[in-house]
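Here come two complexes built around chain A, the first alongside chain B, the second alongside chain C.
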Partner chain A sequence: MRVLRFLLRRLLQLVPVLLGVVVVTFLLVRVLPGDPIRTILGPNATEADAAAARARFGLDQPLWRQFLDYVGGLFTGDFGTSIQSGTSVGAEMAVRIGPTMELVVIALTVALVLAVVLGIWSARNAGRFGDHTVRVAALVGNSVPEFWLGLVLILVGYSVLGWFPAPSGRVDPGTDLTLITGADLLDAALTANGPAFVSALEHLALPVATLVIAIVAPLLRSVRASALEVLASEAYTAAAAHGLKDRLLLRGYLVRAALVRLPALAALVFGFSIGSTVLVEYVFSWQGFGQWALRGLLYRDYPVVQASVLVIALFYVVVFLIADVVHAILDPRVRI
Partner chain B sequence: MKRRVREAGGKRGFASSLIIAGSAILALVAVAVVFAPMLSAWGPEEIDPLASLAAPGGAHPLGTDLNGMDVWSRVLHAARLDVGIAVAAVALAVVAGSLVGLVAGYRGGWPDDVLMRVLDVFQAFPTFILALAVAALLGGGTANLIAVIALVNAPAYARLVRAEVRSVRELPFVEASRTSGSSFWGVLWRHVLPNSLTPVRVIAPLNCGWAMLTLAGLSFLGLGVPVPTAEWGAMISLGAGDVVAGRWWTSVPPGLFLLICVLGFSLLGEGLQERADSTRR
Partner chain C sequence: MPGFSHPHGPGSPALSRRSILQLGGGVALLFATGCAAGTKAGDPAPAASTAPGGSDAPAARALRIAVGSYLSSWDQDFVGFDLTALMLYKNVFPYMIDYGVTSVGGGQILDTEAIAPTFAESFEPDADNKVWTLKLRRGVKFASGNEMTAEDVKWSKDRAFAAKANVAGIYRLIGLTKADQVEVVDDYTVRFTQAFPSALTRQIQAISLYVFDSQEAKKHITDDDPWAKEWFAKNPPTGGYFNVDKAVQGQEILLSANTGYPGTDGAKSSQIRITVVPAASNQRLQLQNGDIDIALGIGQRDIKDLKTTPGIKVISAPSNNQLAIQMSVTTAPFDDPAVRKALAQAVPYEQIIANVYGGDARPTRSIVPLDMPGYSESGYPYTHDVAKAKETLAGAGKTSITSELVFQTDSEEQQQIAVLVQSEARKAGIELKLTPLDPATLAERREKKNIPLQITLGQLWVNDVEYMLGTSFTKGANLNYSNYVNDEIEKIFEESHTVVDEAERAKLWLRVQEIMAEDVPWVVICQPNFNLPVREEVGGWVQPMDGLARLRYLSVTG
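Coming up: the complex of A and B.
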């Protein structure tokens, strides 16, 4: 009940923010220079061609009219028609979200596990050589440009060692895979397609490794800090002095304290990794949401830009909301 | 008891070594920035017509890129642009963000509400996505890049300073200054501002490193400075195609320099943060 009321209030608070996002993206693409019509027609088009194309996409209407059409469409789940490809933006987006979510979710999961294990180990060895090594390694990971790291991993893993497939797509070219969700690994598992599953795993390895290294540092730091706090607390000292088993100390005290703090940070890191995927997808030709949004931006494909930016913002704020709710459930002390 | 004292001492020692390592790296970067022309035989945009994609060695210590330009020279000269843009952008973000946070936090009331709602909208986007969108629509170039990176970083400073100001404005010495007749801006400038900047000082170096990564990321996607200007992200982008063919020297060195430079800022920032934490305790 407590959590439900909190959830409702937070959802209501989201309304003005999302409305602001809709207005800002709508205005941003139209106010800043650049003309999407010119980019599809090419240099030889006449003024009449351009006017006809403009009318077809409704760009000859006054701004307020375009805005009402856009918002009206949003309420019925219609994101408009791509100026570049002429197909429905909603349909294009549906095939693009799966592959990117697959990448982000797997990377975030691996990073979280790695952060909890290494962070607690690091805190228990605070001030020693191992702890310092972990911390400096985390700093290096935090400072590495992810797109460059991806290239280095390709250089080593594909060009030199030949262990991993070429960075072009999500499965080997000849793989026969029926797409259901767009996330290849999941689809291969759902259709019990062994070879496709292996191929998808091989293609995932390097981009996931790239993302994990780029995002693990802040999580690791948070886990280490909360574990240090617990280790210094009287409750922990008492528990340890009473001879509680090591496993119980670890699970009941250290991991629990780390988990309470983690949701909010994981949400922040999720946002960061959405930004990173644009670069990582570009490096690995992933053909996911990030690459699609980037192309829309470069060609000023208004409907694509509006839809992609809105969806990213929506995901971002909803993930934050989920994080807050999870936090409230995990920690009854939270006043909500 | 003794152990705890030693731990605290060790902690401060580690913080100091972080700060020293970070400063040393940044000093090296500064040398590269100042003496780049003297440290390289070729100009950053000078084309060697006899060598395209030449392997490292001989006349070109780090080889040449697709255009026949010397990689070592470009990597060195790029430090000027990358560090310059990042530092300028963070400085702008600090000034603009602090100003907004200062006024919002001190005044309170409706200006505070309005500013915070505007920041909410800006912070509803992951920062790199916002930078990407604005840079793509605004177009590249040095001035635009500084503006874009400052824009996406300013909201965080505004919030940070606002939170600090709200606690500082209640302190006795601020009230004393107010009651003794200082003007609104006088109190803000002399008493509230200097006492609200502590967290900013710690975050700003970390932020410089992050700004460089953003800049390089934008350039990597072709949204940065015009070609053939020497810039790390653009160089990595040009060399990206060579990696599959096993040619490492066009993309690995610029990324490595970028990494080292960002690491310098990170080490410094981390050390400062740790020192701030230990003195607070």
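Coming up: the complex of A and C.
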């Protein structure tokens, strides 16, 4: 019951947060210099043509009316019509979110596993060659720009070694994958399409590796630092002095205590990863949410920008909510 | 009070390793079952394409083309300046007439002066060149099975006028401003009655006479959407040289040849796969590895390397793409013609051609593009001469001036040009602040006409000076970023509407260039050549003078 109450309270807190995001985004995108209508008109368009196009998208209405129409639409699940494509923003977004979330979730999961395993191993071998190697490697990975790293991985993995497929899409078109969620790997599993599953995995390998290398360093450093603190703590020293088995020490005293800080950091890294996908998607021809949102911003496609910011904000708050719950599970001192 | 998260003791985590393994095993089993089900006995073996490093290879070899972006919409009446979309429309819409093909210097180019019927039977004017009659071929069908009739043409043009966008804008140049100027004569005949005769009619109709399947469209109209915009934005048109078999938003488009094309120049390739590969470096790698046949998005630097890469040929052809710096003639200091001349003398033309284009561009001597009928060497008498530029500036009573120079933020090429111009202009006393702008900001500032100097690179859809004046050098013209107005030019433009005789038109264009040489609204830098890297197996490329590839001519062997 306590958990449910906590979740309910936090979910209710989402409402003012998201409303604030809606208002601020609606205003900011219109304050930005740039005219979305002129980008969709031909070279011979007159002022009258531009006015007709403005009216088509409701941009001739006063700002308050536009806002009410937008918010009214949100309540019915209507994110508006894209100025660039003339199609429903909700429908466009539906096919874009899946691929990006699949990429980010898999990359974050792999990064978390790597960070936990290597971070704890590194802390237990602090000061040794292996520890230095892991730390330096993580830092180097973190310092390399994602787009450059992606290009290098493509050059080596696809062009030189030929181990991975061409960076042009997310799954081989010949596999006839039926899209359900837009996340190809998941859809392949749901539709029991083996070739598509294998193909999606192959296509995911390099972009996931790029993202993992870019995000693993802060996670690893956090785990290592926490583990070092635990290793130096009186409780751990006492347990070790009592001659407990190494496995019990690791499982019972070290791992869980070392992971306490990880959920909050992972939530932050999740947000960072969504930002990073813009470049990763570009390099790997991924055509996900990041590329879609970026194009919307470049062309001031108001409904697209509004929808993408709102969805990112929603992801952020939900992920932080999950992080808080996980934190409470890991740390008995935390009460919710 | 214990926290909810701690029902077990410290040594007994809420999620045990065993439960994680069980969960993981379950998921793995689910996937494995899925994979097995997907490859059960009796199914055809997975395509060879699933092997890493290779792309799919249909039984009949499809031509594979990489483009930089997916099209923004399938609805040509409401699309913006989207080159991928415009190129696709040329191939999937039934255009009634189109440019012919001519051979030049061993290559083939679209002949803008020989426009011929394609899906139409004929398109001819009356004696006054004012009333044009379009006769349709019988038995031409859309993918729906509906026959293309005069009603489809009429509905399509009504829609274009109602859209008040692309076609409606361009039709004004030939005196078509109202839907009732387009009339159905019978099932296979449509009459266009222009307000005045025009030498541009064929050219304008070549880019505007595309036809929708109106019977199909009418199934999707609603009270709120009487022109089925929502449906056409998402659903590809049919009936052109190619039909769209499959379109995966943002990723790929599969085209198949329209076997019902009634003419003799049907598509050479039965299937074309267009994939979206935004990064030019990836297009290059895939071309080198043989995973694509044509790369429509590779930059100048890569092209230089690809010229010597085995298995790849670079198709090179002169183009009417024109690189210029447009100066706002209503904004100080460029409201003074002497200052404009000074800048024209400070620009390092040869250096730009050599350094930015590796010599792969043509110097030009007129504001009228090379290869456009009427081009004259007298149109732009300015060359790079910093001393002379200083002198000209001093003649205008100035020793130094400052301005911003705007260019597109995503164009590496324009950035290089801007830096070279900045460096040389500084020597002449012209200090330029470089301002890269994103597409929306650029569009807005262009609309407001408040950019003092901007780099432009583009080509005109219609290879004619009248069209050039109408779009770029007359009052209120949308591409007239210079805000240039000259009464004599306005008069010539008006006069040209009704002058059909070629010799008479040539005289008008000569005078236009004399005026422009004196007024210098643009710094005309050069015309970069068109370069297209393709696999050696690709044949049949026809250089499109409007920049929009006609895929029907392309074929691939092997």
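Here, the second predicted complex is superposed on the first by the 318 of 336 C-alpha atoms of A that agree within 3 Å, B and C clash if a C-alpha of one lies under 4 Å from a C-alpha of the other, contacts with A are read in each partner's own complex, and residues count from 1 in each chain.
What we mean here is this: contacts are C-beta pairs under 8 Å (C-beta built on N, C-alpha and C of every residue); 3 or more make two chains touch, one makes a residue touch a chain.
These numbers come from a predicted model, not from an experiment.
A.B. asks: After the overlay on chain A, what do you see for chain B versus chain C, clash or fit?
C.D. replies: clash
A.B. asks: After lining up the shared chain so the two structures overlap, which partner does A:282 touch, if you call chain B first and chain C second: first, second, both or neither?
C.D. replies: A:282: touches chain B and chain C.
A.B. asks: Should A:309 be classified as contacting the first partner (chain B), the second (chain C), both, or neither?
C.D. replies: A:309: touches chain B, not chain C.
A.B. asks: Applying the touch criterion given at the start, work out whether A:251 contacts chain B, chain C, both or neither, answering first, second, both or neither.
C.D. replies: second
A.B. asks: Looking at the overlay, what does A:151 touch: chain B (first), chain C (second), both, or neither?
C.D. replies: both
A.B. asks: What is the contact status of A:241 with respect to chain B (first) and chain C (second): first, second, both, or neither?
C.D. replies: neither
A.B. asks: Look at A:163 in the shared chain and tell me whether it touches chain B only, chain C only, both, or neither; answer first, second, both or neither.
C.D. replies: Once the two structures are laid over each other on A, A:163 reaches chain C alone.
A.B. asks: Touch test for A:15: chain B only (first), chain C only (second), both, or neither?
C.D. replies: neither
A.B. asks: Could you let me know whether more residues of chain A are touched by chain B or by chain C?
C.D. replies: After superposing on chain A, more of chain A is contacted by C.
A.B. asks: Does the superposition put A:274 against chain B (first), chain C (second), both, or neither?
C.D. replies: In the superposition, A:274 contacts chain B only.
A.B. asks: Given 97-105, 151-159, 241-249 or 259-267, which one is the stretch of chain B whose C-alpha atoms run into chain C?
C.D. replies: Among 97-105, 151-159, 241-249 or 259-267, the clash with chain C belongs to 241-249.
A.B. asks: Both chain B and chain C contact which residues of chain A?
C.D. replies: 32-34, 151, 154-155, 158-159, 166-167, 282-283, 298, 300.
A.B. asks: For chain B, which residues are in contact with chain A within the complex?
C.D. replies: Within the complex, chain B contacts chain A at residues 7, 10-11, 14, 117-118, 120-121, 124-129, 132-134, 136-139, 209, 213, 216-217, 220-222, 233, 236, 239-240, 243-246, 248, 251-252, 254-255, 258-259, 262-263, 265-267, 270.
A.B. asks: Which positions of chain C touch chain A when the two form their complex?
C.D. replies: Touch residues, chain C against chain A: 1-6, 10-11, 13-14, 17, 30-31, 33-39, 46-47, 49-50, 52-56, 58, 66, 70, 72-73, 75, 78-81, 164-166, 168-170, 172-173, 229-230, 233-234, 246, 248-252, 254, 273, 275-279, 281-282, 285-286, 288-289, 291-292, 438-441, 443-447, 461, 470-471, 476, 478-479.
A.B. asks: So in the complex, the part of chain A that touches chain B is made up of which residues?
C.D. replies: Against chain B, chain A makes touches at 16-18, 20-21, 24-25, 28-29, 32-34, 126-127, 132, 135, 139-140, 142-149, 151-152, 154-155, 158-160, 166-167, 271-272, 274-276, 278-279, 282-283, 294, 297-298, 300, 305, 309, 312-313, 316-317.
A.B. asks: Note which residues of chain A are touching chain C in the complex, please.
C.D. replies: On the chain A side, the touching residues are 2-3, 32-36, 38-46, 48-50, 52-53, 84-88, 91-92, 95-96, 151, 154-155, 158-159, 162-170, 172-175, 188-199, 202, 248, 251-252, 256, 282-285, 287, 291-292, 298-300, 325, 328-336.
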